[in-house]
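Working notes, structure below.
Naming follows writing order (A, B, C, D and E), and every chain is counted from residue 1.
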Amino acid sequence: RQPVSGVADLRDKSCDGITWLNWSGLGETSKMAKLFEHYGIHPLTAEDILNCESRSKLEESSESLFVVMKIPVSMEEVGVIEAVHFCLFWQGNTVLTFSEIPLKFLTDLDRRLDDPKRKIRSHGVDYLVWALLDLVTDHSLRFVEHLSDRVEEIEDQLIDDEVEIEMETIHEIKNEVTQTYRLIRPCREITAQLSSSDSVAMGENTARYFRDLHDHAAEAVEQVDHLRDKTASLRELYFTLMSHRMNGVMKVLTSLSAIFLPLTFLAGIYGMNFAHMPELGLRWAYPVFLVFLVSLAVVLAIYFKKKGWL
Amino acid sequence: RQPVSGVADLRDKSCDGITWLNWSGLGETSKMAKLFEHYGIHPLTAEDILNCESRSKLEESSESLFVVMKIPVSMEEVGVIEAVHFCLFWQGNTVLTFSEIPLKFLTDLDRRLDDPKRKIRSHGVDYLVWALLDLVTDHSLRFVEHLSDRVEEIEDQLIDDEVEIEMETIHEIKNEVTQTYRLIRPCREITAQLSSSDSVAMGENTARYFRDLHDHAAEAVEQVDHLRDKTASLRELYFTLMSHRMNGVMKVLTSLSAIFLPLTFLAGIYGMNFAHMPELGLRWAYPVFLVFLVSLAVVLAIYFKKKGWL
Amino acid sequence: RQPVSGVADLRDKSCDGITWLNWSGLGETSKMAKLFEHYGIHPLTAEDILNCESRSKLEESSESLFVVMKIPVSMEEVGVIEAVHFCLFWQGNTVLTFSEIPLKFLTDLDRRLDDPKRKIRSHGVDYLVWALLDLVTDHSLRFVEHLSDRVEEIEDQLIDDEVEIEMETIHEIKNEVTQTYRLIRPCREITAQLSSSDSVAMGENTARYFRDLHDHAAEAVEQVDHLRDKTASLRELYFTLMSHRMNGVMKVLTSLSAIFLPLTFLAGIYGMNFAHMPELGLRWAYPVFLVFLVSLAVVLAIYFKKKGWL
Amino acid sequence: RQPVSGVADLRDKSCDGITWLNWSGLGETSKMAKLFEHYGIHPLTAEDILNCESRSKLEESSESLFVVMKIPVSMEEVGVIEAVHFCLFWQGNTVLTFSEIPLKFLTDLDRRLDDPKRKIRSHGVDYLVWALLDLVTDHSLRFVEHLSDRVEEIEDQLIDDEVEIEMETIHEIKNEVTQTYRLIRPCREITAQLSSSDSVAMGENTARYFRDLHDHAAEAVEQVDHLRDKTASLRELYFTLMSHRMNGVMKVLTSLSAIFLPLTFLAGIYGMNFAHMPELGLRWAYPVFLVFLVSLAVVLAIYFKKKGWL
Amino acid sequence: RQPVSGVADLRDKSCDGITWLNWSGLGETSKMAKLFEHYGIHPLTAEDILNCESRSKLEESSESLFVVMKIPVSMEEVGVIEAVHFCLFWQGNTVLTFSEIPLKFLTDLDRRLDDPKRKIRSHGVDYLVWALLDLVTDHSLRFVEHLSDRVEEIEDQLIDDEVEIEMETIHEIKNEVTQTYRLIRPCREITAQLSSSDSVAMGENTARYFRDLHDHAAEAVEQVDHLRDKTASLRELYFTLMSHRMNGVMKVLTSLSAIFLPLTFLAGIYGMNFAHMPELGLRWAYPVFLVFLVSLAVVLAIYFKKKGWL
């Protein structure tokens, strides 16, 4: 059970009867063509491995198992999730994995396998397959949890209403959640099929591990599903807040108008040029009128303040 | 049939051939490891017991039954529902229950079992399993009813329109309902599976009790489902009320403008400095004009009052 | 086949080999306990009969049939629908019905049975069960039709836009429709099960009647489902109307501003105190200016009238 | 194979061993009762024929086939679709059809059958049944297409934004689409059942025709389903347009205010009565100020014109 | 295996035992009638070929396979997608394809078949059928990708908020996506049926190709489904942006009012004609007051600028 990274030295390194070959990057097509030929991989399967756009799926035959999965990876750019293409081919004692880019968790497993005391070395090839798929599922679960944290952060900011959240932020996180959902959802069906499968030589004990794997995959899918509800809910919250603010602006405008329109009108009254306006000649008329205007403004302002409009 | 709380004295206390062990808190891992070993619990099952994040599920084999459930518990903080992790393992005459925190209703059952005249002591181990799950389901039902009361209270306040309900309150109650739904929904499938199950040695009479249990679980799920509709409906109602208030504010603004814009204009007319404005010289012009302005204002105010805009 | 209303005289009155016992009100628990014991009703079934909160369901065994149904009844209060708990237990030649409150249609059937020439007296016990359930379904159908009339009335009022419909009215009717749906929906499954059932000794001819019963139940459910769509549609209509009115208010405000802002400005011009304003000295300046202002106002008013803003 | 319109002369006219009787209008109950008796129609079937409210359905027995369908018919009133009740009963060599009102396409078929050279006369009774149901389905398809044209017309008018579409028009067309959907949807299940049915003596060749019939029915249902999406989409479009217009009104108001508020203020400045306002005495002050005001207004108007607010 | 374009010379050109006839344009009915007769095509199948409105479907019998598909083609007009009617009939060694208009990819295949070294010439007739359907599916996939690019472009423009997107653009792209979905969706079922079918003489190896075909079809459907979500999301985004702009307009209006209403009022004060207004006589009153007004305006403008309202 030795991980091998080149085709040339493939025969030599495989020991314990079990071979695991991990291939990162799908560029060297000629080398890969040799590899496919060496392991008798069907042209259609080879096409699925090489084409990063091919769908997640599980293909079982009486002899072999072929799994395509998409692993969500966050890019630096906000709102963009890359889908790393990952394939696993299992035939007899040989397990081949292919990934679009090098995956850290596979390298870690590689290192763990070097240690001869590790539990994984004492199990059959079906356990190795489980271990590989479990790593993929665990990665997805952690990814979803990270996404969930970010959604909750945005929700808190929205409710606190201190940081001004842009609609774009919500649109982006929603896109990320939708993309993640589309990538992770097929895993549930694939693991369900695996856990109920008899076609591949799988020990009863390992079958139990595959059922556990399905539990994890289902949990990841449920969590993303929940996140979808939440982001939809965020949008509504955003709408309400916008509508709330609009209400606020309208109230300010109305209060201002309610205060200044009467005042301006009253000032206009004493700007009229009627010959006989007795008040105009009174000594204290002007200061009294000013005091009246100020009092009126203050009363109206207090009234609207109490109503919560200002 | 004696509840036991420690592993050491496990053999001694079990009598009547039936042992029920309830374990609260999942911290003492070394003790629990011993317990798992003693009862021959599979590592994956053990992991499910210890991991509070594991999903609700039912695992049946020809010998044992393993149930994971989530019990919703209200925290003091509004809008937050804790999921208490609860596991039940049944093998032969032994029933083990594990809960994240001590659960009051389990302690109550414990006390009831001390009473040798209790009906529960005269039934088989399957009846004990039913009794335990029935307590969990009953707890959930009561929890849902409490939630339902709160939703209805908010609905009443919204319609009365006296207390000003914040969008956050609705958002929080909606989150609580969604969380509860996610916790309780799996119970329906679990109890359905249990009530149609033959794998475990279950008396025909007890099977009837399990069907009853399923009825209760289904009722709880239906009620939460109904609550989800209701909270969605609350949001719409809130939107409408906000929109209604906005309409109100706009009407006030328009009424004010409709009253004061003409008045100010008319006052402006007599503020003009044309040399020949015959009205200005008339003795009664000013008071007559004032009366006219006031009448106009009153007529307009009454008009808008009647229209319901003021 | 004699309806009986007390337990004591139960044996005496039952003739023709068929007994129908109708029990209204679930208060006298001790009497009912005796009754349950007399007919050998299982404790769980008894609990379902006594607990008004138990779900609608059908329980069939090789010997007996037990149906729980909820009958929607309008209360005087608007927006509130009561669910009357109704149970039917059929074993051999005995049919027991229990209802939370006395149901008029059952009393009517009771009276019809007194007439020995009635068709119902010449059929078997299965026909009696059908007749009872048909009455319940018919009641539900009529109830739904009544609800449908009210929804249509509200819809007409909304579109006519003369009576001002409150959001609360729509919210209440929506709640009623939702509650009715929740009460009636299970009937479809129950009658479907009944019409395809072989477990109970049901004549081929009666089976046909049960299929007919299922048709009626399905129709009731479809109608309520349609009502749900309609009430959702009412809400949207209400929103649009509100938004329409808001538009109207805004247009009035804008028209008013467009008319009076220029007028006030123009009046302000001739209120200025420049030393050299030749127009001010002209004899006809004032009346000409007034005529100009009025014409401007009229032209603007006509313009906005034509635009439909005033 | 002669269509017959009265019961009395039923025996005489039927030739070729195949009888088709078409009955329009469900009023003459006594005559119909005789007819039902004559053909041995079960009371429940008779009830379904006479009750115009009974649901669309297919009832098959080893001897007979009974189909209830609803045919959508446009009434003159906009927004109202009548459901014409149509029943077909087939037993042995006899086909009875009943319709609430006379249906033109049935009369046409009647006439076609008079022509002895017609293909339909050379086929079996199953072909006649197919021909009848095909006419009904074709009618529905044409009805849906007509509805589709009207929906598209409204959509075009909404987007052109020239004709002002009322919310009621959209509400009405939506109601019509919903009603049509409810009437036509059951046809898909009925024809699916018919096309996969073996119970009735149906030639292999005719079975093919029934599969074709199902295709047509399914197409009609799909088209109405598509129309439902479209009308929902129309509503949203309407909302957006209303919101767009509101935006427009608001922009006009704001532009007007932005132009006249500063002008009025400036005019107000020179209406003040301060003793020392040197500008007031200058000879060209007034015309210069007027030119300034007009330029300001023009600049602002151009600015808002460019911004698309006026 | 020679493509043939006329019926007359049909017998001559077919070699290798395999005949592929591609017929573009459905106008020449008399010629086609001869063709149908020559190949013994059932009248109903012929009708499906000739009727461009017939639904996508798969008809399998023990001898033949008949596929109807709709190929989406973009028209020059925006918002309009044409459905090209495409039929494939396979019987024994003969494959007939019919398309409403000439399809470029079929002509390309035609040319490829001329080359005797091509792989496709060395496979059986089932491989030819696969190749034809694969071309159709590939065309659909490319079509969907093109549509997807356009949706993303609109999304970017909406978020950038520089180009002003009209509601109509979004409505049109939504219509296109919906239409494409309706055309492509049936392909998934058809290819699923084909890939699990045993009825037609299909080699095990080719079956694998058909499963691959199903993968592609499913991918296309999933992508369009995703596009539907996205366009729905675009609408919401558009609504929010409109609402956002409205908010902006309102803020400008309110800020303007808040600045000019007080100024106008203050100017009005000193326009009053009270006899005793001591400030009016002061030498520096006027310039000081002007400076005060300007400062007030600047302070208010800065305040609203900071608030983001101007």
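The rule is simple: a contact is a pair of C-beta atoms (placed from the backbone, for glycine too) under 8 Å apart; a residue touches a chain by one contact, two chains touch by 3 or more.
Computed from a predicted structure; not experimentally measured.
S.K.: What are the mutual neighbours of chain B and chain E in this structure?
M.R.: Of all the chains present, those in contact with both chain B and chain E are A.
S.K.: If each hop has to land on a touching chain, what is the smallest number of hops from chain C to chain D?
M.R.: When the steps are counted carefully, the minimum from chain C to chain D is 1.
S.K.: I'd like the angle of the rotation relating chain B and chain D after CA superposition, in degrees, nearest 5.
M.R.: Best-fit rotation on C-alpha atoms: 145 degrees.
S.K.: Same or different, please, for the chain D to chain E contact, judged on whether over half of the interface numbers appear on both copies.
M.R.: Shared-number fraction below one half, so different.
S.K.: In whole angstrom, how far does the Cα centroid of chain A sit from the Cα centroid of chain B?
M.R.: Taking the mean C-alpha position of each chain, the two centres sit 25 Å apart.
S.K.: Taking the mean of the C-alpha atoms as each chain's centre, how many Å separate chain C from chain E?
M.R.: From the centre of chain C to the centre of chain E is 41 Å.
S.K.: Could you list which residues of chain E touch at least two other chains?
M.R.: 243, 246, 250, 253, 257, 261, 264, 268, 271-273, 277
S.K.: For the protein chains shown, what form does their contact graph take: line, ring, star, complete or other?
M.R.: The chain contacts form a single closed ring, each chain touching exactly two others.
S.K.: Using the touch rule from the top, order the ring's chains starting at chain A and going via chain B.
M.R.: Sequence of chains in the ring starting at chain A, next chain B: A, B, C, D, E.
S.K.: Touching residues of chain A toward chain B in the complex: what are they?
M.R.: Going by the criterion above, the answer is residues 159, 208-209, 211-212, 215, 218-219, 222, 226, 229, 233, 236-237, 240-241, 243-244, 246-247, 250-251, 253-254, 257-258, 261-262, 264-265, 268-269, 271-277, 309.
S.K.: Can you list the chain C residues touching chain B in their complex?
M.R.: So the residues of chain C touching chain B come out as 42, 44, 47-48, 53-55, 57, 59, 167-168, 171, 174, 178, 182, 235, 238-239, 242-243, 245-246, 249-250, 252-253, 256-257, 260-261, 263-264, 267-268, 270-273, 277, 279-283, 285-286, 289-290, 293.
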